[in-house]
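Take a look at the structures below.
One chain, chain A, appears in both complexes that follow, with chain B as partner in the first and chain C in the second.
The block that comes next holds the complex of A and B.
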């Protein structure tokens, strides 16, 4: 055990060292004048930009704006997709009814919804939510329908044999049985939701991480662009880690 | 004592047939089968693989409907899945996301029984199958034998009139199987359920049953219907008795003929 643990720490040290080395080299190349700051700013420039924006109070404004949009859009989409998906997954009849619509919606990239959403909803928050919703709903739905297919039919029989009604079966067997796959699917969808919101903000927004980097482009603020990209990356990582933590608690029987 | 109860059979199978349409055409799984079971009988059905034993159990449980004929449970037509017939599957069919306690309580929960009452009954049946201390374990942490005990407790807790067991011990090792057979025999004596038990082990049939039905090769029909008059408890000395050997030979002769037939069928 100890041997394995010390090995893990050793690899962690290697990763940290490699990160520091890259940063040092990047900084050095910029300072020595090999690279124009307007083309690629040095890490210290990006860092001081972050400090400046923090002082102005605008740093987290954009992070919060984007995160809120993703969360609202993603939650609404999940809250609709999970029950509808479970229902369609357990009824061939209704799945047949909705199949054509889903098949047509699914291939549409979220960006293709931007023009019509702008016309319908204007440059509003609702429009941002709707982009996240449209981008993640159809794939989520398909994922959830698919996850109900992998439930051992014998468990459904066992439940019915013990007196479960159709509704009991959905609640007691299909939902928990599909849960591990639903969660795995939602994790992927959360990534897609971030792609949706950044593209929506790149096109039309007054705040948010997508807006931040697009707006900085207008003023040739490459340090702000890189800072924005870094913030997008960090935010997604933090949310992903949090999601992983919750996942274990939601599925105690898989541990 | 109860005159009506002894007149109406617990289960009556009347001329049922079951046909499956497969890619290769219609397969007659069961053809024109009739028999009846009185309350409290322990019926073991023996037959070669693919003779329609499981199909018969599915029909009695109400999972599928016969193409012809009908099945009566206490005089009433079986028209859907019926909780009065508790099923025990070879693959245990425990809910992996529920603890032992929650699995055993499942039938009671479906009856909308209050939680505290459920818990008491659940505990009682977990103790009955000797799994006290495992109430909060998930099925994943249990051995095959323990899983099947949970499954038996789950069916019993629901208090069905009839218990249907589909080769319940086939996947277990010999020692565990023997322990569970003895446990089931005790439960049968104590709770007086009507039991239909499917197996391909003649010894298991002789050890447990009060009556044995041997099915023919496909299409399934009754080849032989034997009352098992071996004395209880069926311990080692019974297993060595002349009557045991005699019954075993009689059953084996029939089964062997049917196995050979079914092998010829498969070779076609």
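The block that comes next holds the complex of A and C.
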């Protein structure tokens, strides 16, 4: 046990050391003038941009705006995808009916929904939520269908033999059985939902990390672009850690 | 002796002829473009009319040049492509040019400005909005980081209004504005030609103001985003003859625009999708600057560059860029000799 712990600590040290080394090399590479800052700003330049934005009070404004958009779009997408996915995963007949539609929706990038969403929803916040929703719904749905179909059919048959109705089977067998996989899938989908933020904030956005990146592009402020990218990654990491904690509480047997 | 003399003369003639054969094309070749295709970054904006007219009217072709007209939606994309080495020449909105200068990149030169325009950019509003003050509490669509954005910021400041607090600025592409205006999601739009003219034709729309109200226009005759001609530094060093040929062809097209606007409008409608009447209307409002005027504007005394410097200071004041670049450092008029 102690040996395992020390091994974990060792790997943590390796990760920290490699990160520090990359940062030092990156900084040195930029300071020695090997590359123009417009193509690759130094870490210190990105950091000073973050400080400046913090002083102006705009740094967290962007993070909060994007997090809100992603979380609303993703939650609605999950709330629809989970029951529909469970239902389609447990019924071959209905899955056959919806398969063509899902197959058509699945490859569409979130960006392709912008013109339609503008026509349907205008330039409101709902339009931005809808971009995240459409970008994450089809992959979430497919993941949940697959998770449902991975349940051992013997368990389903056993429940049915004991007189369980279709609804009981979904509620008592499929849902608890598929839940660990669904939650693991949703964590991946949350990452996918964050990739939609640039598309979501491309139109009529005044704040948000996607807006920050795209607006900085117009002024060739590469340090701000990198900062926006870094903030997306950090926010996703923080949400992922939070998600893991919730998962640990909801599903203690998966720990 | 006589035979020897004849042989010598024959040899001398032969040598002279061979030398001539090699000399004539080499003298000719010194003016020949080293590169026959120039990649130009453009769009349907009026600043690109000379390049388009030059292509359509053959002013480049007769100098042995082919021009590839690459379209970009925004100046920033065009300038990014220039820095990446994918474009040779471009015309850019000066805001992007200044922003790129502010980033410290030195791989391009500004060498001229082809036009001065007014009344082709402005704020179009709903009929009930009669003055700028009426914009208070309303939604104004602008494309962030564009000349129309600068115009909007300036106009609001002149009228004691603050963006966000008093007027909600909605970041929209010009092409998305008519739909947002029609559905009532925005109350006014700050935009430029050709969409400016199209929006003005819409029912319930009227012109609130145009770019002649811009503070720097009032003082210096400078619009919110004057056009700037730029070239890749490496290109002019490597291909001086191509540069010369391109500039000759380009400014010949400028002269055509000055002297035969109707003839030019006929080819420009293919670029802008405006009607002939609208196209003539746009051309009427443009003052074209020919080759002879360039050095005066850019160098001696360089009033245009002075104005650009004021615009850079304006952008810093409105927190659009961090620091104002010394615009003069990017100006190169040597290629205009």
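A few notes on this one:
Here is the rule we go by: the second predicted complex is superposed on the first by the 237 of 255 C-alpha atoms of A that agree within 3 Å, B and C clash if a C-alpha of one lies under 4 Å from a C-alpha of the other, contacts with A are read in each partner's own complex, and residues count from 1 in each chain.
Just so it is clear, contacts are C-beta pairs under 8 Å (C-beta built on N, C-alpha and C of every residue); 3 or more make two chains touch, one makes a residue touch a chain.
All figures in this text were calculated on a predicted structure; none of them were measured in a lab.
Of the two partner chains placed by superposition, A:246 touches none, neither chain B nor chain C.
In the superposed pair of complexes, A:177 makes contact with chain B only, with no contact to chain C. Of the two partner chains, neither chain B nor chain C is touched by A:14.
By the touch criterion stated above, A:51 is placed in contact with neither chain B nor chain C. When the shared chain is aligned, chain B comes close enough to touch A:154, but chain C does not.
By the touch criterion stated above, A:163 is placed in contact with chain B alone, chain C being left untouched.
Taken together, the two structures place no residue of chain A in contact with chain B in one case and with chain C in the other. Contact residues on chain B toward chain A in their complex (touch as defined above): 61, 63, 81, 83, 85-87, 89, 91, 93-98, 106-107, 109-111, 138-140, 154-155, 158. Considering their complex, residues 74, 76, 79-80, 83, 96, 99-100, 102-105, 144-145, 164, 169-173, 176, 179-180, 183, 185-186, 320-322 of chain C touch chain A. Note for the complex: chain A touches chain C at residues 36-38, 118-119, 122-124, 203-206, 211, 215, 217-222. Note for the complex: chain A touches chain B at residues 152, 154-155, 157-165, 168, 172-173, 176-177, 179, 251-254.
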